[in-house]
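Letters A, B, C, D and E mark the chains in the order given here, with residues in each chain numbered from 1 onward.
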Amino acid sequence: MTLKILLLTAFGGAFVTYFLGKVSSKLRNYFAVFVSLTLFVAVACLYGKSAENFSYFKFFGNTLVLRVNSLSWFFAAAVSAFGALSVIFSLDYMKGKENLDFYYMMMLLVNAAMLGIVFAADLVSFFVFWEIMSWSTFLLISYSGKNALPAGIKYIVMSLIGSMAMFFGILSIYVNFHTLIISEIARGIVSASSGYKIFILVLFGVTFGIKSAVMPLHTWLPDAYTESPTPFSAVLSGMLTRMGVYGFLLFFYVVAGASFFFDIDAGISKFNYILCWLGAITIVIPTFIAMLQNDAKKLLAWHGIGQGGYMILGIAFGTSLGLAGGILHTLNYSICIVLLFMSVGAVEYRCGGVRDLNSLGGLIKKMPVAFAGALLGISGLIGLPLTNSFVSKWLIYKTLILKSHPFLAFAALIGTWGTILSVYKFLHNNFLGELPEKYENIRKSPVSMQIPIIILSSAILLFGILPGIPLKVINTIITSFGFNSLNVNLWGIASETGTLNTINIFTAILIAGSVIWMLFRVGKKSFPVTQDDNYAAGAYVPAGKYNYTADFYAPLFKIVKPYLMDFADKFFGWLCRVFTGFSEGVRKIYAGDVGYYVLYILFFAALLFFVQSGGKSW
Amino acid sequence: MVVSPVLLIAVPLLLAFIAPLCGKAAKYIPPAGALFNLILSVILIPTVLKSPMIVSIGGFPPPFCINLFVGPLGIFFAALISLAGFLISIYALSYIRERAVGKYHTLYLLLLTGATGVVLTGDIFNLFVFYEILCISSYALTAHNAHWHRHGTEAAVKYLIQGSVGSAFILLAIGMLYGFFGTLNMADLAKHIARAHSSVLFIPLTFFIAGFGVEAAIFPLNAWLPDAHSVSPAPISAIFSGIAIEIGVYAIMRVVFTLFGAPLSVMSVLLIVGLLTLLVGEICAFRQNNIKRMSAYSSIGQIGLIVFAFGLATKSGITAGLFQITSHALSKILLFLTIGYMIYSIRMKNYPDKYVTEIEINSLNGLGKKMPLTSLGFAIAAFSLIGFPPFIGFSSKLLIVKAALLKGGIYAVLMGIALIATVIEGAYFLKVVQGIYFRKGEVEGIKENNVFILVPFFILAALIIFAGIYPGILTKILNSSSGELLNRIGYIGRLPG
Amino acid sequence: MRKLVSIILLGALAFGLVQAVKKIPFGVQKTKVGKYYVERGIEDTGSSNIVTSVVLNYRGFDTLGEVTILFAGAIALGAVLFTGKKRIEREVYPASPILSTACKFLFPLILLFGAYIFIHGHLTPGGGFQGGAIAASALLLIFLGCPGRKTDGRKTRLMESLGGIIFVLAGLLGLAYGGFFLFNFLPKGTVNNLFSAGIIPVLYIVIGFKVASEIAGILDNLFGETE
Amino acid sequence: MVIKLIALPLIAFVIGIFFLGLFRKITARIHRRYGPPLTQPVIDIIKLFYQKSVSHGRLFDFGIIVSLAGSLAVILFLPFAGICPLESSGGLLVIAYLLLFAPLGIALSGGEAANPNISIGISRKLILSLGYEVPLILILLAVMTHYKTISIAQIVSMQQKTGWAVFSAPLFLSGISYILILPAMLGVRPFDIASAPQEISSGVKVEYGGKFLALATIEHAFHLFIGISLFVNLFLGGGNVFVFFLKMIFVFIAGVFVHSVFPRFRTEQAVKYLWGWPALIALLGLVLAVTVK
Amino acid sequence: MIFYIGSFALVLTGLYIAAAKKNLIKIIMGLSLVDTGVNLFLISIGYIKGGTAPIFSNAAIPGKTMVDPVPQAMVLTAIVIGLAVTALALSLVIKAYYHYGTLNVRKIKELKW
């Protein structure tokens, strides 16, 4: 019952927000924040509960059911938390824009739909919420107009392709097993033939692959992330894209079942290895493409694709460690990327919508909180020890190495290096280097932006030092999939081949740091100078020309640029052009000449004759 | 007391005859007639669901006189027609306000009557007669205000030529059937056909499909549709897309299922034709710049889906097809009406003296702010047509896919191809939605304040959402309707004597 | 090319048609329904013209539709040709006196003939449609022979509508009296009398007027822009 | 344990500083100069601590501390002749990550100043690291795959059973590759593009003076120590303190020779070189390690 | 049989005209031909060799020799429909000429694609 009320609150809150906006914009803002926080609290209260198959609705005589278990709780908590933070972040960011009622309604609606997805226990509700999420996302992506419109179309077309695949798959399952409830399907599917299983998994793989932007299907993502309003970019990257990961988990481990999922032989290789390789490709290529980007959000967007690869890799590889790593990375990555988008948003907000990395710089003094957020965010993305992603990445690498898949591990590790390069560029070009003169008078980011940034930054450190907090939940998830339980404690994970102990690392660095700090204090006190007071080897440096942030990786560009085209995007673009041409051709059928039209009728009749005269007599 | 269903035809006819005498008040007659029909058909539904009503005209036993066969299918269609007719006529009260207004309303009511007659009658020639009423009023309404409407005239001429060829085919087929079996009553014909072992029966069937196919707008026969639907005034486009072409489909299905017992070869041809219609319609719509023409092509696509569903020839398939008819009718009517109101507002602002019924998609840019309710209606209709939940289009798509998969094998593959069309549909409709809401346009001074126009939007949108969330309200009548189509023996058995 | 294609397609159609027609026996068999009408027609309807009894009684509903089609056609024509202006006053070239006198002389006769046809529709060949058409031809004669003369649009329209209304009302009365729409509720009388066959002559007269005025209206509309 | 914790950094410091002195001495000798005394780096460091310096802000201070702390922490995780206080805390992967602290810290520190040389230096450093990381990761993977562990201590102990990895059958290619990229890792010529004193005034370190420069020098010393000892651990089979030290000296001197005779690469030349033969050999080595059990 | 063939010849000729001719008036004439052909076909279906009109002008006429009345009723309806359609078509042609200044259907092609 609580779930039903929860979802009703979520959806109802969205619509009420819209109408409140007609009354007063202040009221609407407070209400939106209130609703999203309420949802977060409500979801948090569900911790540890597991209620299976609570029916809430009838649709064509099928009972639709909801459930909460550790998997859905994990995702629901993340969804509601990021949702609430983004709404808070929006308060100032969106101030003064048009159609705010609509914006807040859609934000809450996306949120509600995602909650629906994770709580759905039958495939129809899953699909319904999935589609609501798709179209409300589409509207939000298009919200900014201009360049956002093609991005929105790109998104929704790919999303529709995915949903149609899923739709087909769902009904195929329904027709074959006569039930829509996930737990019952899981029981029934065991007896299915292996060809059918591959078919189903491929269908769903396409859907979730598109949503989580696995490599050849990722092309919607860079544009969508870049063009949507930044708080929504955060939601989009943080949770919405990760619904694909949730889908993968759900379908591979709950519906198909783990033992079964690994047995599938897809001709050349095992199904999950193919997926692993897709994940590996997804890690490497987008991360390197990200280096070439000069738009801060686009850079992060390409990262979003790349980091998605880790999750897919971990999940598809599917040992308890890898799976735990994949799931944990989902959370960790989300925290980081939301944080990064928010600091971009703060910069954008203060710099008048500028995101071009070549024209920013030196904002560290002006916006320290945003900088701190960005610093922790990139550390997290890189996976520096003591930040959250370190743990998840470590788990994934370790699995890959120990299970003798060094090539996958290579992709993962080299992806990390690509990440370092690109996110460092992001940090440096935004916050470090010289401050352009026009940004001299920029103020700090507003409080409503600082709050989420601070919360998320502390989360990065918290989960980095005490990874046991999320890992405990994840442990229950993977045991519910039928994997071995992990030996998790609060500060790490112990296993037979190499133990991770973050507290050791933490103390080591802390001690080393304090030693060095003392050494530092011993030395003669330095005196502060302004940023521009630099050693230039006696050469004259004209003002404003210090900034070497433009074309940060120029030497590298020369080498890698020719190889780093987005072939998938090119291919889809080509496909679109072909289709457009084809459509132009097909239209010519309706030539405007009524004589032809009569001929069509005659032709049809004659054709029917020939077809039918071969038919039976009756 | 049971009301005679014949009133469903007689009363609107009477009103249609009265209409020309009413002068300016003529515009209130179509809503009155449609409302009467709506109430009557809803009242009749429970009775009909128990057992179909056979109403003979003139008081003779049925094979010898014309009879109405008021089964679940017929009453379902009658209710749908009158519902659509009622809403559109309310809309038209203030939308159609120039020139030949009285004639417009008379013809409109005649169109509704013709459609109702087609779905209720149990006599093949009578069906043809009502079909002709429908067609002639359609031709004329396409060319409404022909003197000011260059494209309307052209479209009407073309429509008329193709429609006449189709009608001739139907009449030929009826003649042949009469020649073979000497009767015109459909139940009687079905009985004979079921017994016959003739290798040439496919010829009248072919002519029937080719003839009704023109009105049903299946693939190569639908060249009139984009023209006629795009140039006629919005209420007419709406009734065409929402009702008229569905009547064509009904006629085909009645002939194929009831008269000819759905032979496999025909059904597979229909399936392929439906698929082709779907794909061609959506592909053509993809590159349209004219919003109404785009919607018209989308209608072709939806009709294709309907025919595809019927072509499955299973109970679930037919139920799905009927559901799709409902969903398409509601959504497309809402779509055309909202588009019409937008066009109307733009026209009133920019060139009040010209008679404009179609417009470029770009002209709608930015209307979302000035006409919020209309734009919302458009968005809901578009979403429903694409098949997004929680709108009704989703339920119908669900049923169709389910039906195809239940049949399995090659049908599932074809269904997979058909789903591609949804993607295309999504692409072009959502582009328009984006334009309306998120693009900037010259929309100064445009307002929406006409209650008569907005009320139908509201009702239709509410129905779309309600039926999308609770599709169960329709399943009972649709199930027995599909039962009626499939149960040929039952249909024959209803014939007294 | 187009011609060739159409000939090929028509050839295919012809092939099909011929195949079908081979199975339809020509000129021998009496169909079941037709036989029933011929045998029972007089008894059932009281009309000695079986075609009329079929048209107006057995298949009266078709005829109602037919009337409606004509009505729709007339309205449609008016709607299509509607220009919103009063009739453009054209220069009228008067016909020769011989022509106009002859027309005027013939006009009542033709009208009378038409009336005869539709009044005796249930007894002799002919009926409302035929009679109406003949009566309309009288009007056509006037239009052609006496330029400048025109019908009163409002009266023709009134007549059209009234015709339709009476037809439907008769049907509804049948429903009220006999429980069947278009039920022949009037006494059938003696066969071959003028006053026989119940509502058939009434309907045919109504149809006659209606058809005449409709065709006249159509002609009038086609003659020039109206209203 | 505690003794180890204290001793290891000290050893590393001594060896690193010794290497720095040796470095200058050998280079000078090759250049037919006399060169500074071996203790010159120590003198420099002490002197620098007492010199005044400028600071551009908190991050400027913080970065250098982080950098040095990172290096120091790595030393605690890296066995030196079997001495490894924190070996069971994540192994090679943790080291690979901890190695990031040093360059990132310095880059962050430099970033707060607006000197263009710093940006250029950072960019070059990052590109260069990407260059040598490709073969390096392949090499490390080959080692880890072959020995089926991520713990360096275990790798060393296994080598002591089976012989040096660089001479053992599946890993010799990886060893060769490691040798080829070692100069790049140590940042010696021809790969000193990131510091390149003549071009960009030592790059990232251009704004450092006084204690900052002192700490940076120490960091450099640690860096040399780590880079070489990692190689010795992974490929030369470790050994007791003395052997280990000898091996390190040997490797180091070889590196200095290379440094002394080669001119500097341009950035793209360096990356092209590193992604060429070394990467190819490392890839083959990995294939070998996977296939040969 | 010849009646059938004759009526079909009319139908096919009409269709040919509708498909191949350019002039709108001719096309409409073609459609009328089709109508006529179909009507003739219907009538000939109802024909009985040596049959008389189904009118009992005196009761002595034997019903057996009468032709089938149903096709005649149908044809009556069909003729009226044909009339209505043709009239409407001609009025539309008038308007088409008014707008386009031509009756050539190859030139009345503003609505296409």
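The rule we apply is simple: a contact is a pair of C-beta atoms (placed from the backbone, for glycine too) under 8 Å apart; a residue touches a chain by one contact, two chains touch by 3 or more.
All values reported here derive from a predicted model rather than from experimental measurement.
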By label, the chains that touch chain A as well as chain D are none
Separation of chain A from chain C in touching-chain steps, minimised, is 1
Per mean C-alpha coordinates, the chain lying farthest from chain B is D
Winner on contact count, chain pair A-D
Farthest CA centroid from chain C: chain D
Between chain B and chain C, the Cα-mean centres are separated in Å by 30
Note: chain E sits from chain D at a C-alpha centroid distance in Å of 98
Per the C-alpha centroid definition, the whole-Å distance linking chain C and chain E comes out as 16
Between the Cα centroids of chain B and chain D the separation in whole angstrom comes to 78
For chain E, residue numbers touching 2 or more other chains are 11, 15, 18-20, 27, 45, 68, 70, 74, 77, 81, 84-85, 88, 92, 95, 108, 110-111, 113
Within chain C, the set of residues that touch 2 or more other chains is 2, 6, 9-10, 13, 16-17, 19, 21, 24, 29-31, 33-34, 37, 59, 62, 65-66, 69, 72-73, 76-77, 80-81
Multi-partner residues in chain D (2 or more other chains touched) are none
A full list of chain pairs that touch reads A-B, A-C, A-D, A-E, B-C, B-E, C-E
As the complex stands, chain D meets chain A at residues 9, 48-57, 59, 61, 64-66, 68-70, 72-73, 76-77, 86, 88-91, 93-94, 96-98, 100-101, 104, 107-108, 111-116, 118-120, 122-124, 126-127, 129-130, 133-134, 137-138, 141-142, 144-145, 148-151, 201, 206-207, 210-212, 214-215, 266-268, 271-272, 275, 286, 289-290
The answer for chain A against chain D in the complex is residues 362, 364-365, 375, 382-385, 390, 394, 397-398, 401-402, 404, 406-407, 409-410, 413-414, 417-418, 420-421, 424, 427-428, 431-435, 497-501, 504-505, 508-509, 512-513, 515-517, 519-520, 522-524, 526-537, 541, 545-549, 552-556, 558-559
In their shared complex, chain C is touched by residues of chain E numbered 1, 3-5, 8, 11-12, 15-16, 19-20, 44-49, 53-59, 63-64, 66-70, 72-74, 76-77, 79-81, 83-85, 87-88, 90-92, 94-95
Residue positions on chain A within touch of chain E in the complex are 587-588, 590-595, 598-599, 602
Counting only contacts in the complex, chain E reaches chain A at residues 15, 18-22, 27, 105-106, 108-113
